[in-house]
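Both complexes below contain chain A, partnered by chain B and then by chain C.
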Partner chain A sequence: MASATRQIFKRLFSSTPRTANTQAATYPFSKTAILPPLPTKAPTEALRAGKGLMQHINKTLATPEKKELLEKFFSRRSKNQLQPGSIVTVLQDQAPTQFTGVLIAIRRRGHNTSFRLRNILQRTGIEMQFFVNSPSLKEVKLVRAPPRGRMRRAKLFYLRDAPSKMTGLAGGKK
Partner chain B sequence: MLRTWTGARQRIPAVCQIRLLHNSQPVSSPATEASTSKAEPDAVVEAPKKWTPQSKRTGLIALKRGMTSMWNDQGVKFPVTILQVEDCQVTANIKTPKPDHTVYHAVQVAAVNRSPKSVTNQMQGHFRKAEVPPKRYVKEFPVTSDAHVPVGTTLSAIHFVPGQYVDCVAKSIGKGFQGVMKKWGFHGLAASHGVSVSHRSAGSTGHHQDPGRIFPGKKMAGRMGGKQVTVQNLAVVRVDTALNLVYVRGQVPGVDDAPIYIRDAKKVMDIGRHNAAKGKEEKILPKGVDDLPFPAGTDSLAKTLPPIIEAPAYRRSPFTPPE
Partner chain C sequence: MIGLKGTLNVIDNSGALLVECVNVLKNKVNNGHGSVGDEIVCVVKKARPISAAAQASVSAVKVRKGDVRRAVIVRTRKEIRRPDGTIVRFDDNAAVLLNNKREMLGTRIGGIVSADLRLKGWSKIVSIAPRVV
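Right after this comes the complex of A and B.
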């Protein structure tokens, strides 16, 4: 078991530089299979026995760019973390390619973290939930921070019944 | 690439043809050809066995580790269950002759090492004969005669190809003693309008003096869950041999860390076999799958292949508007 892990470690990390973790071998059982880049963390004996496996997977399933995005805007330790009540713009590949709204909820689930933006367009309230690790999510930009630095709630679902408060937030009431 | 199966079937070495005359099995079956060619390894050079649409491979025992979501190359989010193959080894090859002169073939697989202290003497002897450490879970998978795997072989997650479909068998989560509304989906009685003390009850359980009894099998309250459940046709989306993981799209019965018995999806393989008989070569295996490791995906095979393999989406993107 230890020799198997050592062999795998050698195969993954021996000659390739740290940044280029691409897989060179071909897969004969499926021509259209994707060979994604390998994670930088080597598999340990504990992981092969299932200890701490889900946490490891949640950390390594995302690409490095996505991990940076998660860490910058959604990690509680980050200086730039998004606070509920801020105005945020999201740029994505799919339609709508650009969406701006009030951040009313952040759902922290590691790899499956998502957030909700609310806006009123053409007299219709529109809420959109964006998953941070989605490949179609390109950019998240903070337009304006919440008034007085933070709101008194983590989830601003009361804004659904208070359009005046929405306009207050949009208007930038300090 | 798919056509090699139809070619291989007609090739029976001349030395083996003499034995076939005394064999009770029909000449043209691939089972006969495989067994006779195995019987005389010196006379015939053993070519690596290839999967045929008539073959049935062994399954694996894995542990359900948890669930997460993934995004495919089209940007579609889908749930995945992560199954980890841990110490999965072949402990026996079963060949039982049946009363109708056919032979039942199976591969017995065992997984998850355990301390010999907690294993009975009988099982210790069984594992000693197979020359494997004592295991926690032992399961037999029916196969065709050409799909036997040498005893002691360590099976790996590479056994499954991303893009193929599998059936997952496991014990469902136990729900304890449950009422008829949860257990059988009964509607119960009205919440008000005079109903006394029986809002969630079953109501009537039968007729009157004739038959004067409750029919056996009447749906009633009782223990729910904790039974074997098979979830069919789950797509394998990713295989990771570094951690021995099989990512399967969808839900799998049971709790985390429970054993799951994974095998190739019966219904999908049956359709493939039917298409092969009809000559539709492109529809034998699911889209994107060219071949399957045969007789099994072993640890040694995994070392020669890339450690992480993922399947792309094999359908049109739901984000592009249809014509």
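Right after this comes the complex of A and C.
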């Protein structure tokens, strides 16, 4: 039983890179299309019928860098996992290139994992939801952990109505 | 999602403070609801008193309560999705007043605007805004 869970853990979060087929692939209809490396194993009969499809997608869709990011900050087993109530900075390719805020929610859905940051800028509250696997998301940085290590809730939506608690969490960070 | 009777704060220095939406232009889809970057026709519900100098002047823009003006939505409380899936949500609805030629009535903007304005062609407003998110 313990070895089975350990095997699943190793398979889902293995750090050894997959040796993928990197043929010089060309897509004839677009020069800007991103061509992911082809999978090493041909899909099994079961997979072609659709069995275990979401597990397969969760394993293969993310690039290795994104998998690392996902594992480091959003896996429940990681030491550095982000806790709601921490202050996080996100660096992006698109506007806004840098966004800092209180982490108020983490939505864990495998490769669809996303998190919400809330901040108050120019007297207006702003909430942004970032998807971890998005290609325009460059970096996620932890600025400060929550007070006493954790908040008593997983989703801090009550902060929308309590600006005083927001400032308390932020410690004056605007 | 601003529709009929939706109220918006005005964040430029045209003199209006609160406007109420009356019509969303060019939006035959979305059930007539407007989002960031959409032009709306609105009624001024609250306005700053017009200074004596502006009263005397002929060319100054005078925005009074009850005026029917055009505006562009710059912030919404309803989430907006960006092409990569990022979602933005502000705590209030805000607009910037325009004249009939899609030019701004005010000269300064006092608040954050959404970056989606650039995609919809309002780069003039984005360039004046103090902060774009």
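One rule holds in what follows: the second predicted complex is superposed on the first by the 134 of 174 C-alpha atoms of A that agree within 3 Å, B and C clash if a C-alpha of one lies under 4 Å from a C-alpha of the other, contacts with A are read in each partner's own complex, and residues count from 1 in each chain.
Basically, a contact is a pair of C-beta atoms (placed from the backbone, for glycine too) under 8 Å apart; a residue touches a chain by one contact, two chains touch by 3 or more.
Everything numeric in this text was worked out from a predicted model, so none of it was measured.
Engineer: I want to verify the contact counts: of chain B and chain C, which reaches more residues of chain A?
Structural biologist: B
Engineer: Regarding the shared-chain residue A:Pro135, is it in contact with chain B (first), chain C (second), both, or neither?
Structural biologist: After superposing on A, A:Pro135 lies in contact with both chain B and chain C.
Engineer: Which of the two partners, first being chain B and second being chain C, lies in contact with A:Gln94: first, second, both, or neither?
Structural biologist: A:Gln94: touches chain B and chain C.
Engineer: Is A:Arg123 touching anything from chain B or chain C once the two structures are fitted on A? First, second, both or neither.
Structural biologist: So A:Arg123 only meets chain C here.
Engineer: By the touch definition at the top of the document, which applies to A:Ser30: first (chain B), second (chain C), both, or neither?
Structural biologist: Only chain B; A:Ser30 stays clear of chain C.
Engineer: For A:Ser164, decide between first (touching chain B), second (touching chain C), both and neither.
Structural biologist: A:Ser164 contacts neither chain B nor chain C.
Engineer: For chain A, what residues appear in both contact lists, the one with chain B and the one with chain C?
Structural biologist: 94, 131, 134-136
Engineer: Provide the residue numbers of chain A that touch chain C in the complex, in ascending order.
Structural biologist: 92, 94-96, 99, 114, 121-131, 134-137, 160
Engineer: In their complex, what parts of chain C are in touch with chain A?
Structural biologist: Those residues of chain C that touch chain A are 75, 79, 82, 84-92, 94, 111-112, 115, 118, 130-133.
Engineer: Of all residues in chain A, which touch chain B in the complex?
Structural biologist: Chain A reaches chain B through residues 4, 7-8, 11-12, 23-36, 38, 43, 47-50, 53-54, 57-58, 61, 93-94, 111-112, 131, 133-136.
Engineer: With touch defined as at the start, can you tell me which chain B residues reach chain A in the complex?
Structural biologist: 63, 65-66, 68-71, 73, 75, 77, 82, 84, 86, 161-163, 241-245, 257, 288-293, 299, 303-312, 314, 319
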